[in-house]
Amino acid sequence: MQRIGVFVCWCGSNIAATVDVDRVVAEAKVQPNVVFAQDYQYMCSEAGQGIIRNAIAEHKLTGVVVCSCSPRMHENTFRKAAERAGLNPYMVEIANIREHCSWIHKDKEEGTEKACVLMRAAVAKVLLNSPLKAGESKVTKRALVIGGGIAGIQTALDIADAGFEVDIVEKRATIGGRMAQLDKTFPTLDCSACILTPKMVEAAANEKVKLYTYSEVESVGGFVGNFHVKIRKKARYVKDDICTGCGACMAKCPSKKGLNEFNMNLNNRPAIYIPFAQAIPNVAVIDPEQCVKLKTGKCGLCEKVCTAGAIDYTQKDEIIEEEYGAIVMATGFQPIDASKFDEYSYSTCPDVVTSLELERLMNAAGPTGGVLLKPSDKTHPKSITFIQCVGSRDVSGRGKCYCSKICCMYTAKHAMLIRDKYPDVEVHVFYIDVRTPGKNFDEFYRRAVEQYDVDYIKGQVGKVYEEDGHLVVQGVDLIANEQIILNTDMVVLATAIEPDPTARKVASMLTASIDTNDFITEAHPKLRPVESPTAGIFLSGVCQGPKDIPETVSQAGAAAAKVIGLLAKDKLLTNPCVSHSNELLCNGCSCCEKVCPYGAISYEDKLINDHGVRETRRVCVVNEALCQGCGACTVVCPSGAMDLKGFSNKQIMAEVDAICR
Amino acid sequence: MHFDQKETANLITRMSGTDPKKCMKCGKCSASCPSFDEMEYHPHQFVSMVVKGDVERLLASKSITKCLTCFACVQRCPRGVEPANLIEAVRVTALRQQGTCYLSPDDVPAIVDDQIPQQALVSAFRKYRK
Amino acid sequence: MPINEANQEIKKEWKPKIVAFCCNWCSYAGADLAGSSRLVYPADVKIIRVPCSCRVNPMFILRAFEKGADGVILCGCHPGDCHYSTGNYYTRRRMTLLFSMLDYIGVEKGRTRVEWVSAAEGVKFSTVMNNFVSKIYELGENVKVGDLRCKE
Amino acid sequence: MTYSYYPGCTLKTKAKDLDHYGRLCAEALGITLEEIEEWQCCGAVYPLAQDEIATRLSSVRTLMAARDKGQALVTLCSACHHVLTRVNNDMAGNDNIRTKANNYLQPAVPYAGETRVLHYLQMLKECVGFDELAKKVVNPLKGRKIGAYYGCMILRPAKEMAFDDPENPTIIEEFIKALGAEAVVYPMRNECCGGYVTVKDADLAKKRVAKIMHSAKDKGAEELITACPLCLYNLQANAGADAVPVTYITELLAEALGLK
């Protein structure tokens, strides 16, 4: 006979305030097969777990029900406690009387009643539990990082540092990402390239790190510890092991009208190009849309000038297959399209630029060689106006509902750098709120106001337009309660940032969940911020939510630590709640095979002893290492042979009965 | 008659079909308003005053007749608040409550010329009379 | 005492029994989020955790109505976001058929529902539950589904 | 192609040119415009208050008439287009307004926003196409520098009007280019001229018009075209020092097609 113990947690006053725990205990005691019930302030504490362990030993419990917070929070804790006392961990059930009860009901009577029902359902279920043993699977000791920006590079370097192999897949021709495009970084104003490029070089030089640039993840199969990944290495039309990066081809290429993506399309590049001087790998790539040779067959100049003989017009995309134990998403961000906000005339006025364009306009390697000039007539501007929150905190449908987090700080940085280098330039900043939580951040912003005389105006801009040869900013000063019309030479838009458009595709390949803004969802917003709910998938950088460089780097390190923790294991325990088929009932119809998303079901001819009748039948076999336990097969099985361990038909029916009693 | 500001503000909000509490006080409505300088209370103030229930002053203000109903504020508001709808709801409430009319038929001959389109007169009466 | 007041007395006593099947990855977490955000919904809703909405066998729902449930709601990940890639598509198709069959045998369409609630949609979870419960109150007590052959 | 056509009050009186040339050109382009029978004024102002039902009814009657004929409804006047489009959206998407309006009108078949409301320019773009239109031009307006004046009614709120990008519209510029003229883009083309207050507050209207005219002139426009009779009147009557001539879009079209 089963002997069940019920443990009711107060969770301080979180549960006890709206649920009469004494009554739940009293009700538990009269449930069939319940031989022990007790309440305690904090069941999850060491003392609380001690109560459970003692009761298991003392009362010879065969099953345990804990009425507490969500199983997503502490199921593991209580399973481990049971295991320590010699009970199979899968003989523990949780009744969620906090998130699903005490926290949402105000009336104590109502709350107590519901808690009793939930307890009853859990008792009914645990009576049908059977001990389960988790299987084991091997761990491939290599990690994949998708995205080669600062987030991906840092994660890869940290993983490599622990002695594991790690591959970076980067869709662009060079690693470096957005940070490579920045001029200076806040709040210390050190040069972005000076701190990033050594890391890029380190990634290339580290023998544990392999770079797949100009490559994309094509498909992902498998599961934690055992991912199979196909990587598409796009044709560069340049042999990357031969190219020396001398640049002779770039100088000779006759098709020079390509937009320079690295410089935010502010100037042009040839059809064969190296994205920027410090690119890693320092290897040229041909833009097939622009190359005359590839489009018409005539030209071939680059091949002639290449003394190394690296050009190969016949190169094709290559598919590489690799095995990984863990995958890190570091797909980064892009600024939103500013032409969605054409009241600021971004589409029509060249002197209206985005902040990332301004980074290039101020960078020594940028299109103006670091001299700040108006894009329209290449003259020195006398007045610059910054507009914050362009598309951030916008629920109108044009922008993003969230705060992009980095704009307040980089705008203060831009304002300060401009005032420092060109004291004759007047700088205005229209802001809604200045948000500067971060070490030395508010001090940084105040310096812009107090030392550099940047004019911060509280209010938004309604329209930017060109009139009489200059830009006019029509905005509001909410402190003065005045509309202001301001003549200015350049306008800089702090456009919202959004996840890179590839994030959604990559996430669905990884079955990582994604939120309504296409940011990847973390397993727990506070306690597991660098893990996806899908085992073996980790998050690094802005793909999880807006963040600045210091935060990105710390998250990258955290993701690496989680990956190292996984790769350090030789074996992984698999989820034992998997499907299994009753051979006596299975008629080999193949219905289940068709719905299984993991290919975990196959068929075998087996000798079956059916009540004394021995015959060979075609029956279903579940590969427990592949089955993820969704249960799709259990419902399609017409003969009722298929069931799911841990969530069996009988268990769920018992819960239904207990609730509807 | 007893005048309950809070209740009137609620009525105005319902009538406007918009939720002024969504406002994040960025001022883009007032920044966009072509009639800003004509108004005693500006579009962003309409929004915050209706939220606060401070509507008596709005109802009495000439500002309600200065709105050009050009929807620049509605178009550009990042929060989906529709300030023009609120201003209109205040104006309609003022007309319904006090019965005062900003335009009288007697005024018309003096202010129109023979080219004025019907549309202008219809809209003027629609906007300024009970 | 007027009759309609007496009726109200009886109505007050009746509390619907509502079973909510929630997928472990999205809706169960959404319900947790509703809880941690203190978004109130009626206590009549009792949640059963399933690994995926596609684990819900139509038998479970029939069983609930047989045992006296007044409403059954099934919540899963949004189409395209299923943790197991395709589970919720099966749910959608299965439930469309089941619900029209239930409607045919006398369990009105309003008593059954499928909703997609993600782990981030605590607000949606609470709104959905509030709506569903008020719909059940509107429909009143359900007739128990049972096997007529066994009826006396 | 046959459309229901709603002229509106002003097109029958003060803006006869807008109406007359609109019909003439449509005919020349192979489009039949069937005027709604016994149409009523649309109300000229879209009632923003949610509880104003009666003021929406005349628009509903027009929309219903087009629905009953199974035709899309074409308007020329920006204000009429604005009112009809938004009332139509209400009837499609606002349960309260739809129920009350239908209760009031008691039509044989209740109306739920089935009619498609189109502006004349959209009709040209969809039915003829600006590339095709360019081929039909007999009298290209070479060398003319024309600015489009959109005004506010036709563009905003973009979510409802779904006409063009409300901040950087291009449809009238495409139209001007199709007729062989140079389209002058100036920033104030989508800012309000103050038409509504022209009766009671001419000073304010004058300020607005001055700003628009200055902007148009600054960018080199030598003439403006508009689809709105109220805008046209206001731009003409309240122009200051920077005045440029204003005509209707259909007048320009008729000129290019050799019908004027």
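Note that the chains take the letters A, B, C and D in the order they are written out, and that residue 1 is the start of every chain.
We adopt the following convention: contacts are C-beta pairs under 8 Å (C-beta built on N, C-alpha and C of every residue); 3 or more make two chains touch, one makes a residue touch a chain.
The shown structure was predicted, so the numbers you read here are calculated from the model rather than taken from an experiment.
**Student:** In terms of CA centres, which chain lies closest to the overall middle?
**Tutor:** Of all chains shown, the one whose C-alpha centroid lies nearest the global centroid is A.
**Student:** Give the chain pair, either A-B or A-C, that is connected by more C-beta contacts.
**Tutor:** The greater number of contacts lies at A-C.
**Student:** Which whole number of Å gives the spacing of the CA centres of chain A and chain C?
**Tutor:** Computed value for the inter-centroid distance: 32 Å.
**Student:** Can you give the whole-Å distance between the Cα centres of chain C and chain D?
**Tutor:** About 50 Å, centre to centre.
**Student:** Roughly how far is chain B from chain C, centre to centre by C-alpha average, rounded to an integer in Å?
**Tutor:** 46
**Student:** Give me the residues of chain C that touch two or more other chains.
**Tutor:** Touching at least two other chains: none.
**Student:** Residues touching two or more other chains, restricted to chain D: which are they?
**Tutor:** 167, 191 - these are the residues of chain D that touch more than one other chain.
**Student:** At which residue positions does chain B touch at least two other chains?
**Tutor:** Only 72 qualify.
**Student:** Which chains are in touch, pair by pair?
**Tutor:** Listed by label, chains in contact pair as A-B, A-C, A-D, B-D.
**Student:** Which part of chain B faces chain D closely enough to touch in the complex?
**Tutor:** 14-17, 34-35, 38, 65-66, 68-72, 74-75, 82, 84-85, 88-89, 92, 102-103, 108, 111-113, 115-124, 126-128
**Student:** Hey, which residues of chain C end up touching chain A in the complex?
**Tutor:** On the chain C side, the touching residues are 17, 19, 25-26, 28-29, 31-32, 34-36, 38-41, 43, 46-52, 54-60, 63-64, 67-69, 77, 80-81, 83-87, 90, 94, 118-120, 126.
**Student:** Write out the stretch or stretches of chain A touching chain D in their complex.
**Tutor:** It comes out as residues 339, 341-343, 345, 347-348, 397, 463, 465-468.
**Student:** Okay, in this complex, where on chain D does chain A touch?
**Tutor:** It is residues 159, 165, 167-168, 185, 187-188, 191, 214-215, 218-219 of chain D that touch chain A.
**Student:** Sort out for me which residues of chain B touch chain A in the complex.
**Tutor:** Contacts found on chain B: 22, 24-33, 36-37, 42, 44-45, 72, 76-80.
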